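Quick notes on the structure that follows.
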Amino acid sequence: MNFLILHAPILIIAIPLLAAFATLLISKISPKLRNIFVITVLSFVLFLVLLLAHQVYTSGMQVYVLGSNQTTVATPSGYSIPVRIMLTVDGASIFMAIITAIVSLVGAIYSLSFMKKYSGLDKYYTLLLLMSVGMFGMEFTGDMFNLFVFLEILSISSCALVAFWTHKGEPSEAAFKYMVLSCIGALFVLFATALFYGQYNALNIAMIASRMKYSLLDKIALGLLVAVFAMKCGAVPMHMWTPDAYSKAPAPITAMLVVASQASLYALFRGVFTLYNVTLNCLTVGWIIIILGVLSMFIGVTMALPQHDVKRLMAYHAISQTGYMLLGIGVGLAVLGDTNALNSYGLMAMKGGLFHIINHAMYKGLLFLTAGAIFYVTGTRDLNKMGGLAHKMPLTAIFFMIGALSIAGMPPFNGFASKIMIYESVYKFNPVLSILAMVVSILTLASFVKVFHSAFMGPQLPEYKNVKEVPKSMLIGMGILSFMIILFGVFPDIVVNTIVAPAANALVNQGSYITKILGGA
Amino acid sequence: MFTLETNTGFWNPIIWIIAFLVLCIVIYVLRSFGESSYKKGEQIKPFLSGNPEPEKGDVHIRAGNIYWGFTESLKEYYKTMTNIHTGDINDYVYWFIGILAIILVVVSVSGGGL
Amino acid sequence: MIYNFPFIAAVILIGLGVYACMFKRNLIKIVIGISLIESGVNLFLITLGYRKGVAPIYTNAPSGASMVLPTPQALTLTSIVIGVATTALMLSFVMTIYKHYKTLDARKARRLKG
Amino acid sequence: MNKKIGFFAFAVVFVFFFLSAVYLHPFGEPSETDMDDYFIDNGQNETGANNVVTSIVFDYRGYDTLGEATVLFTAVAGVAVAFRRLKK
Amino acid sequence: MIEDIAQIVVLLIIISTGYLAIKMKDLLGAVISLSIMSLLLSLEFYILQAPDVAIAEAGIGAGLTTAIFVLAIRGTKRMEGS
Amino acid sequence: MRGMSKIVRTITNILYSFIIIFGFYIIMHGHLTPGGGFQGGAVVASAFALLVVSYGALKIKDMLKAKNFSVSECSGLLAFIGLGFLGIGTVFFYNFLAGKGGLFGNVIYGINPGDLNTAGVLPLMNIAVGIEVLSGLTLIILYMFNANNPKEEK
């Protein structure tokens, strides 16, 4: 057990990686064995993540230095600079890792029956594992160049999965657009890394942060990082790839793509809070993020209303919900230098934003999975052709209702808990933003009423006389997420205090992060 | 345990769940006051006034018709928005580079931090 | 004597690539543009690591000479392989798009919009 | 019209890239070199490889190399997915 | 001195081949231009004392990337316009 | 696409074995001279690309099988990550063989021609990565080539 805890950070990344390489070989033996193997591996990873989470919450940040002769000593003896790659697992990283592990497992379980009738499944599961590796790698890394490498793994595997259905042209088109944007973005991140390297001769995030001078080059690097990661998480007006990619990917992949965008969001926060923190002009950068967030909220939800492709509609809602997170974190960043304001409402806004991340991963994942279930039985995503499905698929209808009420911020579901945190704290910062957020919430409810009405309500349509409830593994996948939503809704206090508050504190306290890695400098 | 303290207020899901249950009971009680001798199928006919019963598919309001008024009144807005969402890869890169330019200018003009 | 000319050359390559991504309609031209950005960034990294000296290899090195910085070379090695991987995947997407759409024009190959 | 705005944005971004090239340290004189000096001084002792670049690629930053090999593997799987034969 | 001049010349040719690569209407020509640029880039890497990267760039950039591009152009269309 | 003329094939026949040997030389001497797994793998893969181009789809089907390359790619990667896992007694990716003496050589410091067996796990990793890269890049070429010639597959 001690061995597992000590090596947990690398095992969480290396085991799915090993499994991904082995999956191609195993599926040559038997497809059934491969399915069991993938599920086992992802469950074991979830177990490891929870173990590591317990360790992080009891004894603080974990550092794992790869390839040295001791796991935790970052700098070689006699030198004050870390030369090896290290994994740093603090509250924020483990928070994202929990989300990633849960959603990956659910996605894999759901895929068992959803993807059964398609060919190329060995590559599908390989890519699915690699995608979760990419996310874990981005979340745990403490090194700028390593971040770039795992960003590429994540974007390549997710693009390949978006283009999985090659019998039509649209998935390839969506994947190509996503790929071009993420390639340019990743290369810009590499350029920013090169700027840091040129000035400080360091690639380690803590080392760069401790040497940060905020010169013109740092400003350019900051601009590049903010723009790229905001684009990767789908902030308006760089969101155009999101509806394309989300609507054309297979449903379990879409649920994972949501988490992938949140990993980029995490990278944005890591860059702004840990690399720069108070050296930067907090108010300006905070307002940039707030404006991106508000635009995302408003344009996302208004564009969602007239859509008639159910997954495209949900993709626009994903953009709109990303706006809430950006708003919450942006307010936290804007008051970062001001201790009073930070304690009175800034930290609460950040907690709200972070809590919204985990809530959003759960309910948006659930909604995309129910959309996949609808597609599975009807063969269409067009809302105009649907109706009366609740007669035959009562469980899916209930799951959809849970997700829809949660995303609209209806009490007592979890969406409400995080939204009220954002409303109240943002109201103190700027009342207009808060009111806008409420309006967006109402519009969200309105458009989900539309989906629910046109897909599930109404008389039973003649063309869907023979539909049946979806297979068991899909129900299990959706059931897990609904259970999590209700759990988070009923016990918001426990969730906020155990996993969200450490994440917010880890982001704000740059000093303790640097001290932990470089020693008391 | 159930109460989430935000700094200005609090939020307790249990109260809401209890309120919801009470509401359900009230509705159930109200429903039990209704006519108990309702017969399915036969008593609809007076409402149709002798007309034939419409097909099931026609009764259902399709998605395209919901919120028609809303989109109609915001026609100009939606026109601009659809113009922006061209689906052209060059435009995607346009927007990305444009926002990058704005952020770079704002960040570098606004000067140092603390 | 040459001041920062290698840096500037690298930046010009990046600029050419971004230009191609923004203004060229042909999908393969866009991929070529990304290839150019990548070459530019690689050149930039290698140039960052240069100082007067020999290659960082002890085999057959002249004694007493200083060596150029080895880290950027390792990073560039990584980034070159990543580059060929992304290029291959993008080109395979282009081929699939051509198979279904029969065009390489970014303005015609857009069924996803709105 | 649209093209002009796009070109303007491109010009602004390019100017910033250009500035970053000009404001860096002069070519051939890196300002700080402590990490790389460590590699040059101790690389041979610690790993036994004469080629310092190899010792960085496979030892000090071996994890990056693993990621890079994974990227290639992912791309191959992606190409295979794009060109696979579809079940009828 | 002579090295600096050589470097400037190589860099200028790199930039001009890069320009040609995005300017040519014939995609095959553009790809060949890109390949020449890669080759010169590997020469430049060699001048900058990075033989490891030079071999990689010559093998991957000039060889395999070109092959992949040519295969893709064979599978699609050769001319940019029309 | 049909194969090229007889002259090209003859030259390829002579040339490709030399290129492959040169590639493996680069892989093996990665820790002593410029080169390593990636560069050597790329050189070997370009030899295979030459074969593909000069022989065309008909014959290449028998000579280079995508399935075999896929297996060797996976096994190369598994060997690489396995070497990482072997060091997990101390830390993942720990170079547990370097400077151990005996079979693994004693390191001579400073400027020297060096020995093949000194660098611990680095040469093994070079070989593993070399196998992975050469089969990965060849697979990409093969897949794209086969996608261009769907009719000739039978």
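Going in written order, the chains are labelled A, B, C, D, E and F, and every chain counts its residues from 1.
In this section, a residue touches a chain if its C-beta (ideal position, glycine included) is under 8 Å from a C-beta of that chain, and two chains touch if they have at least 3 such contacts.
Fair warning: this is a prediction, and the values are worked out from it, not measured in the lab.
With contact taken as defined at the outset, chain B and chain F are each touched by A, C, D. Between the chain pairs B-D and A-C, more C-beta pairs are in contact across A-C.
The greatest centre-to-centre gap from chain E, using C-alpha centroids, is found for B. The chain closest to the protein's centre is A, with centres computed as averages of CA atoms. With centres set at the average Cα position, the gap from chain C to chain F is 23 Å.
Chain geometry summary: the mean Cα position of chain D and that of chain F are 22 Å apart.
Per-chain Cα centroids separate chain C from chain E by 10 Å.
Separating the centre of chain A from that of chain E, both taken as means of CA atoms, is a distance of 38 Å. Shown for chain C are the residues in touch with two or more other chains, namely 2, 5-6, 14, 18-19, 21-24, 27, 30, 44, 47-50, 55-59, 67, 69, 71-73, 75, 77-78, 80-82, 84-86, 88-89, 91-96, 110-112, 114. The set of chain D residues that touch two or more partner chains comprises 6, 10, 13, 16-17, 20, 24, 30, 33, 35-36, 39, 44, 50-51, 53-54, 57, 59, 61-68, 70-76, 78-80, 82-83. Contact with two or more other chains is made by residues 51-52, 56, 60, 64, 68, 71-72, 75 of chain E. Across the complex, chain F meets chain D through its residues 30-34, 36, 70, 73, 77, 80-81, 84, 92-93, 95, 98-99, 105, 107, 109-110, 112, 114, 118-122, 125-126, 129, 132-133, 136-137, 139-140, 143-144, 146-147.
Interface residues of chain E, counted against chain C in their complex, comprise 1, 4, 7-8, 11-12, 14-15, 18-19, 21-22, 27, 30-31, 34, 37-38, 41, 44-45, 48-53, 56-57, 60-61, 64-65, 68-69, 71-73, 75-77, 80. Listed in rising order, the residues of chain F touching chain E in the complex are 1, 26, 34-36, 38-39, 42-43, 45-46, 49, 53, 137, 140-141, 144-145, 147-148. Note for the complex: chain E touches chain F at residues 51-52, 54-56, 59-60, 63-64, 67-68, 71-72, 74-75.
Of all the residues in chain B, the ones that touch chain D in their complex are 94, 97-98, 100-101, 104-105, 108.
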